[in-house]
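Two complexes follow with chain A in common, the first pairing it with chain B and the second with chain C.
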Partner chain A sequence: MFLEVNNLNKKFNKEHVVEALSFELEKQKTLSILGKSGCGKTTMLKMISGLVNPDSGNVFLDGNEVTLLKPEQRNMVYLYQEDLLFPHLTIFENIAFGLRLKKINSKAIKDQVDQMAHSLELHNQLDKMPHQLSGGQRQRVSFGRAIIINPSVLLLDEPFGSLDSGTRQRMQSLFKNLTREYKITSLFITHDLKEAILMGDKIGFMQNGNLHVYESKQDFLNDPTTGVNQEINFWKSLQIEAGSELKNTINE
Partner chain B sequence: MKILERPLLKNKTSATGILLFIVLGVLPFAAAFIYALLYSFGLVGVISSGFTTEFWVSVIKTGSFFKSLGYSAAIAGIAVFLSVVIALWLTLKFKSALENKFILMMVYMPLAIPGLATAFFIIQLLAKGGFLSRISYASRLINESNEFPDLVNDNLALGIILAFLTMIIPFFMLLFLNVYKNERIEDLRILAYSLGATSRQVRNKVVLPILLKKTRVLIALYFIFLLGSYEVPLILGQESPQMISVLVIQELKQYDLDKIPEGYVVAVMYTIIVAIAAVFLFLPRKREQYV
Partner chain C sequence: MYKNWRAYVLPFLVLLVLFPFTYLLFLSLSGAWYYPDVLPKYFGLRNWRTILSSETGLLQSFLMSTGISLAVAIVSTLSGFFISKTVYYHPHKRILNLLAYLPYILAPVVFAACLSYFFLKLGLFGNVTGVITAQFLISFPYALIFFSSFWNERIKNYENLVSTLGGNTLDRYFKVLFPLAKGLLLVCFFQTYLISWFEYGLTSIIGVGKVQTITIKVFMFIKEANYFYGALSCCLLIFPPVVLLYINKKYVFKKIA
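Moving on to the complex of A and B:
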């Protein structure tokens, strides 16, 4: 397996935030993770990326243990919920940030950034400052900046949570295309059931610091604890209600 | 109806504000500047005898103004540079501790102390008969007070610079702390680490550029403020050269009436230089949109 997480544990002030967390993920696949607020999703991502140290447990990447490596040595990028861009840099420099750290030559950086900007439909925005872009555009820059350094794993923490539904849909489709184009392995945290099903090759459900990854999407849909059935029943009941109203109108 | 009235009321309020600003802020300053300009050309004042450029020529020829301006700029520049460096270091090193209310209050305290009191405190501490000198004598590091180095009223303006540091470092610390929080620099640091930056790269490419770009106007304004400061250099400065404000006041209070217009020449020149610097500072720049 490309990413292996074994028995990760983390306590904050004696409270178990992540407990005996284990899962595996194949290369170039996306694992969607659903869960309520405070169930430990963000802590899990930060531990995998090296931003928070686990109390115990191991993380393996492509067979190598990375548990004790610093974040900059793991080549995993943690993406915030908000479109957090460097406010003092232009859009070009934001996207090029990771490449500049690697001291790649300027011509190669320009070529890569231009290509990425085209993929993100941002080629006309490169000279602008972050505050001059819309929320959706900033989120695209944020993606581009992460993907351009070719991370081993992309860790996305509710990346579309702050976007309106239209922009969200466009971003979901853009993300799907990017994962295919750049062969990305990712963990995708979301609150949205539909988004989890759409984005993930596999789906996990996190509860009380523990993650359960389902073998198939059908297994996920069949599990009563996830609340999927309640959601489906809600939409079905609405459909039935609308249908009967329509019938009554026709009868009248 | 109310909705229609609101913009009108707002316009009225802002017009009154602008009028008050002009009457209380701009007019007295403009009047004083024009008076000083006329005085410097011999058009007003007790020895006025018609238009003359002799006072300007005299000031430019003696070079005391430029010497004093250069001296003031050097002191203000060193004080601001050291304050920024020290405040940055303290803020970044102890930012968690600075979230403690008591420690934060301790940082606020020096801001409430007037420059005059700070200057006297420095004298008490660093003069040849001061506290440090007495400790040095008691611990037999020196045999008499004259052996204690000149730290006030000295050629290198050490006393003035030290007083400025004690006055400005807390201000810059609070400023940097505020920007650190408002600009979410902690989150940006984590993000930069995640993108592969080392600690040094995070500091040099993210933390310092954001803090300095966001505060550069205030840093420059503080430089201008120190350039024209009066009480501290008056008490802790040497006889010659003097900082610019001390020179101006000294010229204006001369018994020799011919020297008074020269004082006004110095004041006018200084005002023009600072005004040009301020205009340059606040000019909108096309390339630098991050303010």
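Moving on to the complex of A and C:
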């Protein structure tokens, strides 16, 4: 397996936030992770990225243990809900940020940023400053800045949480295209059931600091603890209600 | 009607603000002005020439004050920036922030009197190092309080992002934190420079008359009733703040806005 997480534990003030967390993820696959607020999703991502040290447990990447490595040595990019574009840099420099850290030559940086800007449909915006872009465009720049350095794993913490529904849909489809084009392995945290199903090759459900990864999407849909059935029933009942109202109107 | 009122009052207010400064400059160029003369008997650059002749030591005081204030401003701003970060992440940050207000509870003279024993023991009495240290003790808490509002969850997220993008500690500071805090760093530098530049109580006690900054010189001339030299040293005293005010307005506030 490409990413292996074994028995991770983390306590904050004697409270178990993540407990005996284990899962595996294949290369170039996306694992969607659902769960209620405060169930430990963000702490789990931060432990995998190295931003938070686990109390115990191990993280393996492509067979190598990375548990004790610093975040800058893991090649895993953590993306927040906020785009966090650097306000003092142009869009070009924001996308090129990670490449400049790697001290790649300017010609190669220009070529790669231009190619990425085309993939993100941002080629006309490269000279602008972040405040001149819309929310969706900013989030695209944030994706480009992360993907351009070719990370081993992309860790996304509710990346579309602050976008309106239209922009969110466009971003979902863009992300799907990018994961295919750049062969990305990712963990995708979301609160949105539909988004989890759309984005993930596999789906995990986190509860009380523990993650359960389902073998198939059908297994996930059949599990009563996830609340998926309740949601499906809600929409079905709404559909039936709307249908009967329409029938009554026609009869009248 | 409203327009006419503004046309008279505004120039009057501007004149009111400018008058003390113009009068100071006029006095610094004057000599032998005795009652009941309406104008001084001498008007020229004689007083200013004495600055260069070192007769009064004003030029040395000016240069020494500039050196002391630069040292205090640079050390306070940088240490305030870095230590305020440590305070922000500290579990008892509220108590530590509260402690930073302590030097301002006491009057500077009382504060200096409290410190004098330690300065005497450390051999810091009556020398420039002692004055810089004493002024640092006043300006550093200011810088600490000033930067406490800079650190927040968003800045922490920026740091984390740079780390996961492959940046080390130096990259975090030089490529993100310093550029983000540039405006604040400049304002803090100017403010701490001014705190040090105008500091009198602490400097007079810790310097014991041996470290004669420009502020000390102004008070000395006023005490001697040498108001021509007093006016001249006042001109020198307000010159750097006016320059800093101009730079602040032209560059810093524009960038912050």
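Methods note: the second predicted complex is superposed on the first by the 252 of 252 C-alpha atoms of A that agree within 3 Å, B and C clash if a C-alpha of one lies under 4 Å from a C-alpha of the other, contacts with A are read in each partner's own complex, and residues count from 1 in each chain.
Operating definition for what follows: contacts are C-beta pairs under 8 Å (C-beta built on N, C-alpha and C of every residue); 3 or more make two chains touch, one makes a residue touch a chain.
A quick note: this is a predicted structure, and the numbers were derived from the prediction, not measured.
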{"item": "Fit or clash - chain C, chain B, common chain A", "value": "clash"}
{"item": "First, second, both or neither for A:Lys14, with chain B first and chain C second", "value": "neither"}
{"item": "First (chain B), second (chain C), both or neither touched by A:Met129", "value": "first"}
{"item": "Touching partner for A:Lys102 - first (chain B), second (chain C), both, neither", "value": "both"}
{"item": "Contacts of A:Pro87 with chain B and chain C, given as first, second, both or neither", "value": "both"}
{"item": "Touching partner for A:Ser49 - first (chain B), second (chain C), both, neither", "value": "both"}
{"item": "Steric overlap of chain B with chain C in the superposed model, located at which of 1-9, 19-27, 37-45 or 55-63", "value": "19-27"}
{"item": "Chain C-contacting residues of chain A that also contact chain B", "value": "49, 51, 70-72, 75-78, 80, 84, 86-88, 97-98, 100-102, 145-146, 149"}
{"item": "Complex interface listing, chain A residues touching chain C", "value": "46, 49-51, 70-72, 74-80, 82, 84, 86-88, 97-98, 100-102, 145-146, 149, 155"}
{"item": "Residues of chain B touching chain A in the complex", "value": "183-184, 187-188, 190-198, 201, 205-206, 209-210, 213, 289-290"}
{"item": "Residues of chain C defined as touching chain A within the complex", "value": "154, 157-158, 160-168, 171, 175-176, 179-180, 182"}
{"item": "Residues of chain A touching chain B in the complex", "value": "49, 51, 70-72, 75-78, 80, 84, 86-88, 97-98, 100-102, 129, 131-132, 145-146, 149"}
